[in-house]
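Chain nomenclature is as follows: A, B and C, assigned in order of appearance, with residue numbering initiated at 1 for each chain independently.
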Amino acid sequence: MPRPRLRAAREFLAIAIQTDPNAYGNGYGLTALLPIVAGREDDLEAHLASLDPLDSPFGRVPQAHFTRLLVIRDLVYQGPPQIPESLDRSYLIYTSSFDGKPDRYLQDVARLAGDEAAAVFAHTVGFPGLADVGAFAGWIMKHKRDNGYVLTPWPFASVQDVKEGLRVQKGFGQLVEGARDMDDAELQAAFGRLMAGGR
Amino acid sequence: MAVETLSPLAEKPSGGNVAGRARCLTLLTPVRPFWVPFLWFVMRGARYHTYFRNHSLQFKFIYYVRWAVFRDFSESERKRYTYLLFESNFDIPWRQYIDAFAYVIPKDIRVIWGRGFAFPGPPPAEPLKRWIAMNSLEGGHYHSAYPEASVKMTMSALEARKRCNRLAKEAKGLSPAQFRKAFDAAVGDLQRHL
Amino acid sequence: MTRRDARPSLLPRRRLVRATELELGDLQGNLVRGYTFPVGRYIFVRVADAAAGRRWMAGLLPSVTNAEPWDEAPDSTLNLSFTHDGLAALGVDRSLLAGFPEEFRQGMAARAELLGDVGDNAPSNWEPGLGTGDAHVLVTLYAEDHARLERARARLQESLDAAGEALSVVHEQLSESLDEGRDHFGFKDGIAQPALAGSGAEPRPGDGMLNGDGGWRALAPGEFVLGYHDEDGGLPLAPAPPFDRNSTYVVYRKMQMHPERMRSYLRDAPGDPNVLAAKLVGRWQDGTPLISSPERPDPAISNDPARVNDFRYHEDPDGLACPVGAHIRRANPRDADGFFDGKLSDRHRIIRRGRAYGPALPDGVVEDDGADRGLVFKCYQADIERQFEMIQTLWIEDGDSFGVGDDKDPLIGLHAGGGRMIVQGRPPTVLAKLPAFVTVRGGEYLIRPGMRALRWLAAPLR
């Protein structure tokens, strides 16, 4: 069997035997529903809106690919024949797709995401603070909901793999653009520097 | 709906679900009682075959996607209905995202959501987009670890790194002229991945 | 005209489209079948007084050309379209205006960042009269020759003078086709046009959309005209009557072209300039598609209407015949990889009715002679955001849909000196440091109402 097919088969098998429905290869999809303290929804919304997607406290956790936090105040009524129902309270939906195990991820959030993250969770019921990373991780895991299915095109690539890949891709592209204007020795040296740059 | 009116290359953040090229769509919709066990079975079973996976990933614009099914919103709040939480992270405007599913794999959409209340189509796509706009959860905060990279760019980057590592290994002990040839070979291999 | 089409199972199901004849008498001309007159003028008028504006329009109405086929070509044609500010200036009430789509209400200038109109293309650099809210009514005149055109222009001026201060011309553009229908880069332009069901025009193979059976079929009229069913099976979103039927949205965009930059860039690039130029565009200069003839232009193809546009991309996934980022492959991806036999490109077609403007740059000149030349780009669609804007933002100013990441369209993308295109091949050719070959000098979003709507708009204010 050609190598890419063999690898794909191995990866498929590795995923098939995983028993945790939230795991997908090396990735994990955390889905948590945190009740919000009554009356604090607006403050939490405003605080979330003030965070910068391109400079997020949750981005300080190096293994996190994607993270979303949003406030849900009520359910959307779909129409007959559904019987309308409401939420008793608002919830913070906290989802993250990251590499590795959830306990490790949550401890890293507690350690690295700092005061801004604490300011977000402070609006939720029962938030134990971030000082005790184990307590924080346990509290979030208590509010976890299992996913039925999680999917990504790169279940075995970490955030670091992606970032390093992008760095090499960009650098190689620049070399390719400038290759005509370099002599062979210069090109070889430049390529060497590019590949060494990851370390 | 404040999802995307920014070009993929816009610098400033917009709303709670755009980060560079990445967009997030989150839906929370009730499932009809008789459909719940089937849905649970379909989802848990998806890991063991490639049908759903291939259908979803063929478009090459999904970063991460998940479906969760639950009735308990908290220890003290169990709803009458079971709810399906859908969260997708993708790299094209949400309307084009829905078009892709509605026009290319409408059956899959109907299997997952078709037993929801008042679920429209697809095909056609326009009523489905209105339904999604009605149900899309807005606001909040969103982060991507690599916002400048699309799904295809990421897949190409992983490929580029592999090929360049191979070139780096080969390059040891090559003369500059020999290296140029090896370099050109790598460029040929990576011409669709830059 | 009944629609015969194969119905593969994955095509959208729809309520059976009425085999509708388009109401050619109510549609303005040039939409369904393009005028072939070689010279034209685009006159943007500002209306300072609604009543005077309406009286002026009422005077023009008998001259407005509709879409009915003519036995004998008229001396000149006249058509009218309106910006959102123009409708407001003519006294259309707020609640009706609120029913127009957001992009139309905002106007092209306000959406500059979205469209990539920054730097040299930014509205702050646009020509006077465009993008400032002063362009209200666009009067387009076409004629067979300059003499007839100037007569029509003079008649228009009389009507404007009669209104005194109430009407003023804020921007005007003369256009004139170049020899053989070429553009200023030397390429035969405007070859591919969508075939419209019910138009009465004989579509060429390749004009329409793939029918899933190896052939082509015309597009549903609702993709371009409000009030008819579109490819999704419903009626396109439309404003309130009378604009809901037989209207279309117009994108007007003056694109200055710099053939001297193209010539000097290709002269210094590695390879045969004619081949490279064809690789940028996706066709040879005579119109032969690269897909149909990758090695050389072929007059047998380019002169044959049945072949000049009949090609598809699915057999060239690696871009070896036609680069994946070539201009025509971006602007109309057909069944290229990732578009699923056209399912994801079919709803993003536009009808182009632009014209070249300005004197041709003499052969061999590679310096800027200071002349203003280029293309008045004009296109029609039922939904500016889904059609023009999507092409512009996702396919022209970005390359990810084609797997080329941030690379912009080589021909019309805003490169700012650092642009790149990889011409796939064995070996590939890398074109680096692409300069901008085109500069956007201004534009507007307009609506081109049907004749009934024009009469309604020209009626005296109550």
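Convention: a contact is a pair of C-beta atoms (placed from the backbone, for glycine too) under 8 Å apart; a residue touches a chain by one contact, two chains touch by 3 or more.
If you're wondering where the values come from, they're calculated on a predicted model, not measured in any experiment.
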item	value
Pair joined by more contacting C-beta pairs (A-C or B-C)	B-C
Maximum centroid distance from chain B, chain identifier (CA atoms)	C
Rounded Å distance between chain A and chain B, as computed from the means of their C-alpha atoms	13
Whole-Å gap separating chain A and chain C, where each centre is the average of the chain's CA atoms	42
Intercentroid distance (Cα basis), chain C paired with chain B, Å	32
Shared interface positions of chain C, touching two or more other chains	430
Residue list for chain A, restricted to those that touch at least two other chains	173, 176, 179
Where chain B touches two or more other chains, by residue	60, 153, 156, 187, 194
Residues of chain A defined as touching chain B within the complex	12, 15-16, 18, 21, 27, 29, 31, 33, 35, 45, 48-49, 51-54, 56, 58-59, 64-72, 75-76, 78-83, 85, 87-89, 91, 93, 95, 97, 120, 143, 145-154, 157, 159, 161-166, 168-169, 172-173, 175-176, 179, 183-185, 187-188, 191-192, 194-195
For the chain B and chain C complex, residues of the former touching the latter	5-10, 21, 59-60, 91-93, 95-96, 99-100, 102-104, 106, 122-127, 150, 152-153, 156, 184, 187-188, 191-192, 194
Residues of chain A that touch chain C when the two form their complex	173, 176-180
Touch list for chain C against partner chain A, complex	270, 420, 430, 432-433
In the complex, chain C residues that touch chain B	10-14, 113-116, 232-234, 318-319, 324, 338, 340, 343-344, 347, 386, 390, 393-394, 397-398, 400-401, 403-406, 422, 424-428, 430
